[in-house]
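Here's the structure, in structure tokens; my notes come after.
Read from first to last, the chains carry the letters A, B and C; within each, the first residue is number 1.
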Amino acid sequence: MRTMPTTLPVLLRNVVLERAGKTLLGPINLQLEASGRTVILGPNGAGKSLLLRLCHGLLSPTLGEVCCATLGSPTRAEVRRRQAMVFQRPVLLRRSAIANVTYALGLVGIRGQLARSRAMEALDLVGLASLAERSARVLSGGEQQRLALARAWVLQPEILFLDEPTSALDPGATQAIEAAINRFADNGTKIVMVTHNLGQARRLADHCLFLAGGRIVESAPAATFLAQPNSPEAAHFLAGEQGAYLKERDDDPDYYSV
Amino acid sequence: MIRTIIRFSTALLIALSLSLSVNAQERGFITIASTTSTENSGLFEDILPQFTESTGIEVRVVAVGTGQALRIGCNGDADAVLVHAPAAERQFIADGCGVDRREIMYNDFIVIGPGSDPAGIEGTETAAEAFQIIADAEAPFASRGDDSGTHKKEMSIWADAGIEPAGSWYRELGSGMGAALNTAAGMDAYIMADRGTWISFDNRQNLEILVEGDPNLFNQYGSVLVNPANHDVKHELAQEWHDWLVSEEGQAAIGAYRLRGQQLFTPNAN
Amino acid sequence: MLDAFASAFALIISGDAELLGIVGLSLRVSLSAVFFASLLALPVGAAVALFSFPGRSGVIVVLNALMGLPPVVAGLIVYLLLSRVGPLGPLGLLFTPTAMVIVQSLLIFPIVAALTRQIVSDLWEEYREQLTSLGASRLRAIPTLLWDGRFSLITALLAGFGRATAEVGAVLIVGGNIAGVTRVMTTAIALETNKGNLTLALALGAILMTLTLLINGFAYGVGEFSRRRYGA
């Protein structure tokens, strides 16, 4: 349903990110394919968020290059215009929900009545149409994240990056976000998401990337990876997260009620 | 939004420039630089409306110390000056800053001090004598210290007494007459002031007049026009003001001005 | 003291035309100065916050230092500029309300610019990744950040306004305290003090304080209302 993407696949060649002489990430060689839902997993400090930011052009690599198909580096505005990102904590402008969406449209030159109707569609999609005129900053955490998704959606990105978008949300809100992400994917948008939640990875991932110590340790189809990781690090990580996951269920008697 | 801002600022600018012309009379206005003592005495409030009435010219008074008033005149920022320092006024003309000095009126200076009079100057005939006693007693003395007409006068009296005032008892305030009186009242110091400011001054505390009537305390006011050759000043209008001051009408107005029942200025134009 | 407040009250009640003129001019001059200074200071402060350029730290230090620019110095500079013998002499602006607006703008500009830089800097920290992600250039981010920082920026404007209305040295030099033309609250207070008319001076001071209080209260109320409404 989409015309030929021009920023996909995203290719990372020998990408290294250093800060103050310390290597934080890399070297990384990676190709993000034009479709499907890629989930990035890994322990804290593995460099997952940094990887997303490099792919989105919010950071520039110290060495190597990030190349988005024919359009080149994502630090170029016209590349980033075809990408979108949803952050762990949504940063919403201090204005109404709909104004947050029309603002994003304004940046790509869509204004006035057209912008309003497109924004309403996007809000409707995430179930926020009735809160359109509400100030964005007084929405609940889940509503704010859905608004961030609507704002990303309305730009019709070829690729959507998500950095632990549900880590601060309750299960109900998480479900709403996951549904919206699936709708993005069904629409042909490439999804690249960082998560800590293995259940979420199971529900959403087509493909898994496992990062540890700033490097890609494993890259495999989700079913394969989650059932039978190849590397000891990933196996350890999955066991640990599984343990934490089970422990969390033990500690939280309400968990089953969701 | 930008357009709204531009529109709003234009409106504001217009409103502001309109506000400049609120009080302008049909013939326009002149600016004169004068001294705080004249302004504070209330003389201008009394005689300016009479002048405006008979000529249609508005007068705007910038009241500062004599030194600054002459400086403003020399820069062409006023059209005429009305000050009280004859020597400085002559120098002003000699420097090419002004033309046509005329004597307008006089009042007098008085020596003021705390009623307890710790140095004991009350009853002395001349100001120089009183200053001598104050210096000998090293009693606190507040000096304007601002190069004003009053300050220049005070310095000439010290010179007459053969004293170069210095020491912790001699306090140079660097402020206007009223402010200096406030300070002197606060520290029970002797001070020399013009009578006009003194009469209208309310915050006297312990201060009283101790010496007056010395011919040397005579305070002559002069009007000088700013030299039209130097600056684009409103010479014709200022000339009318100048002439009015020495006219029968102007002199009568000055002589008729009363503050708290007392005549402050004696007109003495020739 | 009580006398002063009683006579302040009496002055207000009497609706004395001269007093109203002085109050009106004070507000007109200071509000205009805040407006014109902010027109420049808001974008400049935001630009310094967002862009890196050689000498940026120097600019920040100078802006911060200029917040303490002595009014008398500002007055002297503007006097020398506007004097007939100065470069802008032919405009004939000395001893006019316009001159007072100019000098107050000069005093307000560094305050608004420095506070704006600080506020926008903090906001940029929060918005930077999101705005960059959405494709906003730094130049485009300036109006966005100014608008989103509007509740905090009101405080910066109030600080500027406070400085303008409280200041006497600068407007005295460039305005000349001419009765009915350039006499504002502070110069009137100084004049009455010089006359030893301390009660009247204090009464005028009480009126000035009341006005300042009202304006600050109003701005605070508007700020709080919108803060609650927009959840800033």
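Some points to look at:
Basically, a residue touches a chain if its C-beta (ideal position, glycine included) is under 8 Å from a C-beta of that chain, and two chains touch if they have at least 3 such contacts.
If you're wondering where the values come from, they're calculated on a predicted model, not measured in any experiment.
In terms of inter-chain touching, the protein chains here are arranged end to end in an open line.
Chain closest to the overall centre, judged by the mean of its C-alpha atoms against the mean of all protein C-alpha atoms: C.
Contact count check for A-C and B-C (C-beta pairs in contact): higher for B-C. Separating the CA-averaged centres of subunit A and subunit B is a span of 77 Å.
Subunit A and subunit C have centres, each the mean of its CA atoms, that are 46 Å apart. Centre-to-centre separation between subunit B and subunit C, using Cα means, comes to 32 Å. Taken in their complex, subunit B has these residues touching subunit C: 1, 5, 9, 12, 15-17, 19-20, 23, 31, 36, 39-40, 44-45, 60-64, 75-77, 176-179, 181-182, 197, 200-204, 231-233.
Across the complex, subunit A is touched by residues 126-127, 129-130, 132-137, 140, 144, 147-148, 150-151, 229-232 of subunit C.
Interface of subunit C with subunit B (complex): residues 25, 28, 32, 35-36, 39, 83-86, 89-90, 94-98, 101, 143, 176-181, 191, 193-199.
Residue ranges on subunit A touching subunit C, taken from their complex, read 53, 56-58, 77, 80-81, 83-85, 87, 90-91, 93-95, 103-104, 107-108, 135-138, 151, 155.
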